[in-house]
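Structures are listed in the sections that come next.
Below, chain A partners chain B and then partners chain C, in two separate complexes.
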Partner chain A sequence: MIVAVELLAASQLAVIAALAVVLTCRRIAIARAGRHRRLLLDRYRDAVVEFVGLDDDEPPASLTGLRTAEQRSAVGELLAEYTGTVRGESRSRVAAFVTEHGYAAAAERDLRARRSWRRGTAAKTLGDFGVVASVDELADALRLDASPQVRVSAARAIGRVGEAQATADLISACAMGSVPAGIVAQALLDIGEEALPWLLGAIGSPEQRVRLVACRVVGLMGVGAAEAEVVAALDTAATTDPDVAVRGAACHALGRVGGLDAALAVAASTADHEASVRRAACDAAARLAAPETAAAVTRALDDSDPEVRRAAARAAVLLGVADGSGSPFLEEAEAELAWGWR
Partner chain B sequence: MESVHAKVLVADDEPHLLRLVKFRLEREGYEVLTAVDGESALQVARDEHPDLCVLDVMMPKRSGFDVLREIRSDDACAGMKVIMLTARAQDRDVDVGFSLGADDYITKPFSPQELRVRIGAHLSKR
Partner chain C sequence: MSPLEQLVYGYNHVVLAYFALMNLMYLVLLYHAGRAMLDRVQRGRMEAIDDLLRSPLAPGVTVIVPAYNEQECIVESVRSLLALRYPRFQVVVVSDGSTDETVARLEREFALEAFPRVYVPDIPTAPVRRVLRSRDEPRLLVAEKVNGGKADALNCGINLADEELVCAIDADAILDADALLLSCRPFVEHPDEVIGTGGIVRIANGCRIEQGRVEEVALPRSRVAAIQVVEYLRAFLTARAGWSRVNALLIVSGAFGVFRRDLVRQVGGYRVDTVGEDGELVVRLHRAMRDAGRRYRITFVPDPVCWTEAPESLAVLRRQRNRWHRGLAEILWFHREMVGRGRYGAVGLVALPATIAFELLGPVVELTGIAAVAAGWYLGLLSVWFLVAFMLVSLVFGMFLSVTALALEEASLRRYPKLSQLGGLVLYSLLEQFGYRQLTAVWRLRALTQALRSKHRGHWGAMDRRGLVRGR
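And then the complex of A and B:
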């Protein structure tokens, strides 16, 4: 009996010792691989910095003709890291290089990898590379990938590439709820004014979250009042959209767009039946500081909702239709203005 | 040759960007000093008196705007050119930068060529 117990204990100790050896060897192997990777990155870093940072069309010789997958992987990682910080000619030059030398294709293949972290990294890499031809693959990932993190990474990457054709895919992802609205909004802002035609269509979408994102993005985009279509679309949203948040977002956007028509639309929205929209309209009037809103702002000083009266007071003081006396909100607005609030 | 003698401080907490800008400016013949946070940027600006500073806005310890404010209020740093290089691209941020006394404002991602040209233009006005 005692011998059997001793044998059992000994075998358990042997198993534990074997496990310890395996784990130690594994840790050593991982540390060695990490060291090797860092050495590779250090070896190619200067060449990549030189290629990204200078105006030469020809890449340094050390970046061409790489033989091993490890070398190519290290250079691909460095190219993505450094290209992600630049725009203009440098970015275009690197995009051409990664296309010609197969780095973009490798990242596109990784978009179909089994592990989600690898797919996500591939999406980020493609966004950093800025290769327009990769946008279709990113749009597929945005639409079809099972992992929400990969879809987010794909949405951000599309914005980084800045290809307007992908705007519809971003809006569609927003409509389906497959990517958070804030991520889509940032990607659309990254694409910039070229996304405007799709955004104007999205303001009339049947999906509330799409209309909301579209209004906010159009407002943040900073398109001028010269874009009559923009003001008309926002005007319609501010006055007729069935959703309160969308009407409010449209008012804010009109305040940023500016111009006579925007001012008239904002003035009309100060009479909305929802207090939050009236407040948004008064905030927009303060931003516009246009005389066309003066009468509406003056009426809003007597609004039934205190927050609307507060917003109206700010607009009224800025417009010069009221001085800092007569109500606590006007005094507050006057004091804020004196402190440089605008 | 303006660039041969000019001293430029680049302050940014992003190592990739810092390395890229340093490399580019050194190739142009500038003497480049670097800092990875606002406090050390201010220290370098006061100790080394660079001709021009390239400042990120969002940095550890002190923001680029704080550093700019200190530089502008320090007589020893009079005449120092300052370019903000930042991801903060809102009109309001640009307003703040210029109102604090920045000579230029460049948004990230940036064009290395554009940065080189703007630095050259500001230094030639000294």
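And then the complex of A and C:
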């Protein structure tokens, strides 16, 4: 027994000593490697910034004809870092460069690497490069990769490339739960209005999380009221969806879309049986400031829920229908407006 | 063998079994924590935090700062909170009957004026005397209320909150600029699942602090505080990261935690009759969500850092540990029906029983265990070698846990930049085992006896602070 306990103590001491040695050696090695990498990055940084930032089709000579894998890796990292911050012509030019010089192909190869962190990093790099031809590869990673982190990275990258061709894959990843809803929502927002046809279909999805994402994204996308289909889909969601969160998100979206039909739908939702939806409808009415919501907002000033009354007061003050109600929330809303907060 | 000898001999076996089980549990937690930190390292390579800063999907946050006589630090604290990097947030300071210049200094500094805010006590609180706002800084709201304790002040802040999430933070704590961004990221990614997150709390003693920000990380000069650095790392990077991975995190630190406002209101806010209101809220949220059969997650996020001042004197440390252990006892008593029940999943079947056995009763078994082993030796039941070997393995295992927590820190976060600091932490993990650990066990045992007598509930934990945010 004593021997066993002594052995246990000795083995633990050995592990502690080994850990202390490993920690020290690792710290020294990381510091050394970090210094070396920083020097390498600094050597190419100016050239990359110049190439990405200026409207010059010809890349600086220092970026072409690199011989070692280390140099190419450093330039690839810098290109990904700076390309991710630009849009339009500059981005297309860099995308053409990374395609021509094999950086994109190398990242695509890494999408099939054995280690998940390499696959995930490759997906991020492809998203930063913005190479449209890589979207199919990224969509494959989104659908098939075993690692949740790689799927997340691929979803983000698809959004950053900004092409709508993988929108259906994003929505189905959301439906299956293989990628978190918030990641899909951001990717769809990044894609922008090109994703709208798929999003309209998603508002009627059998999956609650897909409907919720679709309503939120459509609202934040800044689609105008001229898109009658959008208003109709959101109207249906706001008034008939079985899920409270979806109805609330649809109300918020209607508030952002604007227009007469949206205002009428919002007015109808102020009578929802759930307080959170009524509150969302009053918030939307405040954003719309449309006279069609005035009667509904006035009624909501007497709502049983104080949060709804507060939201209604804010809308009422903006609509100018607050007179004579005597609600203390009106005084609060008027002060907010007078102080320039709303 | 006489009955006494039989008792001592039997109890020694109980202590051995207890010790083996406890170590096994810590090893399992360590495994989960290691996996969680590995995930975090890999994730760090794949994403940029600034994406979230620009995202319209980021939910609004109300940062609630309960304050009781915090005149020394409140202005700098609010200023540093208002400078956080986050797309949409407000700061609500709740002065809980402060008798010093806490509110007056805020009024002067931020040109506050009375505001006709309608106070709706969804969660009942002590009366609110007045609400103040600044025309210059619309994100700041200050409420002055009748004293009711920290939990009551937090509840008042929740009642006043406008945003979707609420973040509770101590008035003297310092957040890293990205702390809110990082702790809210799980809410953005899993809006339908995540209901609470907690970040890591680190010790700011010894760090260089300028304008409410930690500019240079260093170890405290005080040995008592330095040992707590190791303790905190072990608690957060091993225990909380491990429990979080199996969705059985029982404590989100009161110094820094983010929750969904609607759910906190639904469950009735913070309990005012306990000194462990932070952990109690978390357990109550687990209970409510599992009773309702809803899918949810309460997550520990290792990146967002909240810096806090640790006690440097043993007297203050004793009071703090006493409060923590009484809080723990109260939480476990309030939710005793959850223990061992399958419907509460990993919380009811594993986390709560383990917390009772190894946290709550830990000091009892540790101190009586030492006595029993010594008695066994005195009665001739155990050899002196066994006594030495047992003590050695117990101390070495404690050190092993601390060093592995340091390894996790080193592999993932690396907040202590100098090699000498790393060496210092290894040394303190050794020193902790001799005297400090036994002393805290005695304090916790005393707290347990006080909790059993149900004394000292719902107070502000007074601590003699040196005032971190004013800089040193």
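One rule holds in what follows: the second predicted complex is superposed on the first by the 300 of 342 C-alpha atoms of A that agree within 3 Å, B and C clash if a C-alpha of one lies under 4 Å from a C-alpha of the other, contacts with A are read in each partner's own complex, and residues count from 1 in each chain.
We take it that a contact is a pair of C-beta atoms (placed from the backbone, for glycine too) under 8 Å apart; a residue touches a chain by one contact, two chains touch by 3 or more.
Source: prediction; values computed, not measured.
Novice: Which chain makes contact with more of the residues of chain A, chain B or else chain C?
Specialist: It is C that touches the greater number of chain A residues.
Novice: Applying the touch criterion given at the start, work out whether A:82 contacts chain B, chain C, both or neither, answering first, second, both or neither.
Specialist: first
Novice: Touch check for A:144: first (chain B), second (chain C), both, or neither?
Specialist: neither
Novice: On the A-aligned overlay, A:23 touches which partner chain: chain B = first, chain C = second, or both, or neither?
Specialist: After superposing on A, A:23 lies in contact with chain C but is clear of chain B.
Novice: After lining up the shared chain so the two structures overlap, which partner does A:90 touch, if you call chain B first and chain C second: first, second, both or neither?
Specialist: The first partner, chain B, only.
Novice: For A:182, select first, second, both or neither according to whether it touches chain B, chain C, the two together, or no partner.
Specialist: Only chain C; A:182 stays clear of chain B.
Novice: I'd like to know which partner A:14 touches here: chain B for first, chain C for second, both or neither.
Specialist: neither
Novice: For A:50, decide between first (touching chain B), second (touching chain C), both and neither.
Specialist: Once the two structures are laid over each other on A, A:50 reaches chain B alone.
Novice: Once the complexes are superposed, what residues of chain A are shared between the chain B interface and the chain C interface?
Specialist: Common to the two interfaces on chain A: residues 84.
Novice: What does chain A use to touch chain C in their complex?
Specialist: Residues 1-2, 5-6, 8-9, 12-13, 15-16, 19-20, 22-24, 26-28, 84, 116-117, 120-121, 123-124, 149-150, 152-153, 156, 180-183, 185-186, 189, 208-209, 212, 216, 220, 245, 276, 306-307, 310, 328-329, 331-332, 335, 339-341 of chain A touch chain C in their complex.
Novice: For chain C, which residues are in contact with chain A within the complex?
Specialist: Residue positions touching the partner: 39, 41-43, 45-48, 51, 55-57, 115-118, 120, 122, 133, 135, 138, 187-192, 262, 383, 385-386, 389-390, 392-393, 396-397, 399-400, 403-404, 406-407, 410, 419, 422-423, 426.
Novice: Under the stated contact criterion, what part of chain B meets chain A in this complex?
Specialist: 14, 16-17, 19-21, 23-24, 27, 91, 108-114
Novice: Which stretch or stretches of chain A touch chain B in the complex?
Specialist: Spelled out, the residues of chain A in touch with chain B are 45-46, 49-50, 52-55, 81-82, 84-91, 222.
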